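Okay, so chain A shows up in both of these, paired with chain B first and chain C after.
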Partner chain A sequence: MREPSTGRTTAPAQPFRAGRFALAFAGILVALFAAELTRPIQHALVAPWTDLVARASAAMLRAFDRDVVASDATIFSASTGFGITIRAGCNGVEAMLVLAAAMLAYPAPWRHRLLGLLAGTAAVQLLNFARIASLFYLGRWSATAFEWAHLYVWQALIMLDVLVVWLLWLGTIRPAR
Partner chain B sequence: MSGARRARALAAACALSAAAAGASQHVYIAGIAGTAVTIIDTSAQAIVGQTGSIGFAQSGIAVNGDGSKVFAANFGTFPPAGVWDFTSSGLVGGFVSVAPQAQVFGLAFDTAANRVYAATPGALVSIDPTTRTIVGSLLATVPFCIIVNPASTTGRLYYSDQADNVVVVVDSSFAVVTSIPVGAKPQGMALDPSGTRLYVANFNSDSVSIISTATNTVIQTVSLPPSSAPTGVVVDPAGNDWYVAEGGRNHVEGFSVAANAQVLDVAVGSAPFGIDVDAAGRLYVPNQLDATVTVIQPGATPSTHTIGPVAGLAVGIGRFIGPGTPDPPTGVTATPGDTQATVSFSAPASDGGRPITSYTATCGTQTASAASSPIVVAGLVNGTAVDCTVTATNSIGTSDPSSPPASVTPATLPAAPTGVSAVAGAGQATVSFAPPASDGGSAITSYTATCGTQSAPGTGSPIVVTGLAAGTPVTCTVSATNAVGTGPPSAPSASVTPVGVPGAPGAVSAVAGSGDVSVTFAAPAFDGGSPITSYTATCGSQSASGPSTYITVESLANGVAVTCTVRATNAVGTGPPSAPSASVTPALKSYTGPVATGLGNATVSITGGGAGCSFAPQGTGALQSAFFIPVVGSPKSPSAGTAPVQFPFGLLDFVLLGCDPGSTVAFSIAYPRAIPSGDAYWKYGATPAQPAPHWYVLPATISGNIATFTITDGGLGDDDLAANGVVVDQGGPGGGAVTLDPVPALDRWALAALACLLALGGMMYGRKMR
Partner chain C sequence: MRWGARAIALFAARVLAWGVPLFAAWYLATAPLSIASGWVAARLAELAMPVDRVPVRYRGGSLVFDAEPDEQTLWRNRLPAAVALEARANPMQFTCSIPFFLALVLATSLRPAWRRTVMGAGVLLLLASAGLYFDVHLQLAQVPGPGGGPLFATGPLAREAIALGFQLSTLLVPVLAPIVLWAAGEGRTRILPGREAGEGG
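Moving on, here comes the complex of A and B:
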């Protein structure tokens, strides 16, 4: 649907009830995290995804630096031995789950939700690639800088990234009539 | 006897002879009721003339010794009975009358006495042919045929007496020696060539009496068919057969001299009267009533033809063919020589009635004579073609030249070729040369090049002489050949050495490698005369080539014993293989491949463990070597998954097979870059102290990019923990110095905060939109 004034495409919104949204959001969030922690999900989805992220990150880095080595979920420097491990939590999955829970809880058409999830996943993972790369080189350069960026800068940026995506997605939802 | 038969008998003549100087034999046919004697040429087999008019009736004929004069008897009364003489061409010379005798039958010429004998009723008359006068007379009853036998020792003359039925023998003094009874009415007679037998045709007895001139007795009487009425008899020049003309049967029969067996019986004309034979063996039979002459060619398939008509009723008992020149020799060939020609030929069929005394060969303007073939005619000009002919000569004269002539070009041997040079090839030499200055007068037909013991013909330069031994120097010569023969060899060429394939290399030694064998050998003692360009070593089914005496043959199956041979190659070809090396078994003792982490290639090699100790073939099976694998993700990656350290080059997985049980194998691994400082060689597997697979550090020396360690079969590092000749290993340099930091995207507090922010944002936006 195209808005007459802005030309943006929006999705028709369902009637919004804050309490219902909050409960749904909390319920879905718990369910998703609980599922993620189960062995089948870990084995079937999380671990492969983590490995994919690590390999993709290593490939991206090796495209510019032959010193970068990827071994399993680890990216390290063959010359210095410094490495970073892409583990659960490092793969951006938790941030995606939070965003997904919010989008699924919010009253919106399913197609709109699906598009939002895809866009959110892309945004989170792209920023996660940048995070991994910056942390790899910051770690080789300075442990202090690595720790500061790791603990503060990139968590804030990831949160901001998810929040921006969330808000932009909400903005595409047409008010309910 | 019938009237006609009697008339023929009266007309029969005895021996008549003819001769033709300078030509072939002539046959003189007398003719009753004719006025001339007909002359037939034996070569032309045709009538060539006749005499002038010599009276109304002739009978006997005689020819003098050289055939130049012929005598003919006239038995009629007009002119009176007498003897005519004329030349071989028929030119009448004169006449001798024998009056008062009324008839003359047979004549004979005695060359030694120069007398003509004439048979007349009542007397045998002797005539001097030079003065044409009667010089003697011998009483006789009815002499008919006279034969002169110069070879006889018991008598000079024989005449048949038709009244007394005897043959009377007369000596050289013209006195009667004896009388030999024969058949009734003896008529024609003939001597064999040796003069030992006299054949008498008994007209009324139908038989032939054979008289031995040595004993003057009849030794055999041959009966003829009834009513044969033989009129004449003759013996062939070779003395093999005798023939009789049968006037009553109109046939001629022939019999062998040896057995008197019949060899011929052919029909002739009507009333054959007399028979004679020429030097070629042809029989001539005058046919009285046909006035023709039948010519018979005896043999297995006798042939006849007729010549005529002749003048008068043909008669001719006895010898009426004169001597003549021989026929030309036949089969003449000429072989060239140095300014000469060698002429070969065959004797003619006819000697003309007289023995051939010589042959004369004529080539161009040069002649030479000899008694027989061949004749060498000298004085010829080399290179000038001449025609060669041959003539035969007897006492009468010389034959016509042989035809066709044989062409020949006298020549001598060609000179030696010049400018001989040779170029060596593979077992051969190519010989070049210039033609000789002289071909000897005959075109050169071929050249022969000789190098060492080998020769080869050719029609020009160059000639390739093959079959030469490689490495053996030779010089070459060339000789030219023309129709005369082969000339002298040229001056030898410079020495050349033919080349060939090299000999076999020696001292072949093979050392097994990993899937290859290194072959060393000694160059062959003989390079074939051409530098060796390469060697080819063959081990099993694989070969490799190279220019040096060290060649590595690759792609061999590990564990399969092979022997190696080497062959040398030069510009000519490849020589024989060497003796095989000792058997060796390639083993995979080294492997190079990319490490799993993408840093490049690493090489692992082993020493020790025994000759057969080698890496198992590459693969992911239990008894296969996977070589460089990642820590996880490979079928042979450790089952533990994660490792306590990081492996910058991944892991090395291998299985050694064929090692001596309990032996120690030394490993050396060269990685693509320096191993991080502080790294140890980590292994995953069982240890004697802890059989369950686990990560542990294998004692190793790490320096730069090289890691070296040893593993004893069944000891630490061998995952199967058994001294069974199989070593199973899995490990790699791992980083104790590696810093691994987890980089979680959001910690739990951040996640909680994010969830709150999203919830808050959603509620605010929802209420706003509501």
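Moving on, here comes the complex of A and C:
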């Protein structure tokens, strides 16, 4: 649907209620997060996804650095032996769950939510690749810089990415009159 | 008022720009923030765990908690009265939410509602304390007693709840709580729908 005044492609939405959104967001997020921590989901989805993220990151890094090798969820340097293991919190899953909860809690058509989730997943994983690459090289250079970037800086940057994606997605939804 | 793509990009750039001095300031203020959050975490541990006292000290960027088990735990495990169990935690992992929150607030407006901003930072400090408490409880729950079983008797449901609390406190709360608090304060009047001019509130 095209809005004549702005030319933006928009989707119609139901009225927004902040309280209802907050409750739905919290409920969906806790349910998704608790489900993610269960053994069957970890085994069937999270672990294979983490391996895939590690292998894809290693493949992309290898495109310009032949020294990079991947083994399961670990990426390491063949020459120095330095390696990083991608674990829960480093695979972008939590950020994707937050984005999914925010999009599912917001009153929007399902097609719009699905498109938002696909685009958002791509955006989160793209930045996550940048995180993994930067951490790999930072770790080779300085353990302190690695710890700072890993524990404090990148966590915030990934969530800022989620917020930006969600705000952009909000802008494509026509407000209800 | 909703933001367009350009306004969102500018906002993100401002968050990044504010992030640099604010994270530096947070690093300089690590000791007092850690001591404050550690003190509250120790009180939470005293309330929720079978311990008499949990003195806490700040050493080299870490918090060291020395939990003194209560009489019943000492008796059940046949331990001497002077036993203290040590748990170490990294407070920065939990308090890093504060500079992120302030960067979001200042990127939205250079004249934020200071009372609300200070309250938001206070809430984040309390959440950091809760995260530290979960970290300490989880570590101490895994300490084996002389008989081989866990020293502290914890039911399976409580164990799961503590593990979930720890996971939430480390993976989600430090990065999500600042956004939620920002959205509830500065962000609410500027970005969320239903707040357009004439709609009140």
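Criterion: the second predicted complex is superposed on the first by the 177 of 177 C-alpha atoms of A that agree within 3 Å, B and C clash if a C-alpha of one lies under 4 Å from a C-alpha of the other, contacts with A are read in each partner's own complex, and residues count from 1 in each chain.
What we mean here is this: a residue touches a chain if its C-beta (ideal position, glycine included) is under 8 Å from a C-beta of that chain, and two chains touch if they have at least 3 such contacts.
Note that the coordinates shown come from a computational prediction; the quantities given were computed from them, not determined experimentally.
In the three-chain model built by superposing on chain A, chain B clashes with chain C.
Counting the residues of chain A touched by each of chain B and chain C gives the higher count for B. When the two structures are aligned on the shared chain, A:98 is found in touch with chain B and with chain C.
Contacts of A:34 after superposition: chain C is touched, whereas chain B is not reached. When the shared chain is aligned, chain C comes close enough to touch A:153, but chain B does not. Legend: residue contacts after superposition of the two complexes on their common chain; A:62 is shown touching chain B, with no touch to chain C.
Look at A:116: by the touch rule set out above, it reaches neither chain B nor chain C. In the superposed model, A:90 lies in contact with chain B only, and not with chain C.
Once the two complexes are laid over each other on the shared chain, residue contacts for A:164 go to chain C alone; chain B is not touched.
Annotation: chain A residues 15-18, 29, 89, 94, 98, 151, 155, 158-159, 163, 167, 170-171, 175 touch chain B in one complex and chain C in the other.
Looking at the complex, you find that chain B touches chain A at residues 596-599, 630-633, 642, 646-648, 650, 673-674, 676-679, 735, 737-747, 750-751, 753-755, 757-759, 761-763, 765-767, 769-770. By the touch criterion stated above, chain C contacts chain A in their complex at residues 2-5, 8-9, 11-12, 15-16, 19, 23, 90, 92-93, 96, 100, 163-164, 167-168, 170-172, 174-176, 178-179, 188, 191-194, 196.
Of all the residues in chain A, the ones that touch chain B in their complex are 13, 15-18, 21-22, 25-26, 29, 62, 66, 69-72, 74, 76, 78-87, 89-92, 94-95, 98-99, 101-102, 105-107, 128, 131-132, 135, 139, 146, 150-151, 154-155, 158-159, 162-163, 166-167, 170-171, 173, 175-176. Interface residues of chain A, counted against chain C in their complex, comprise 15-18, 29, 33-34, 37, 88-89, 94, 98, 151-153, 155-156, 158-160, 163-164, 167-168, 170-171, 175.
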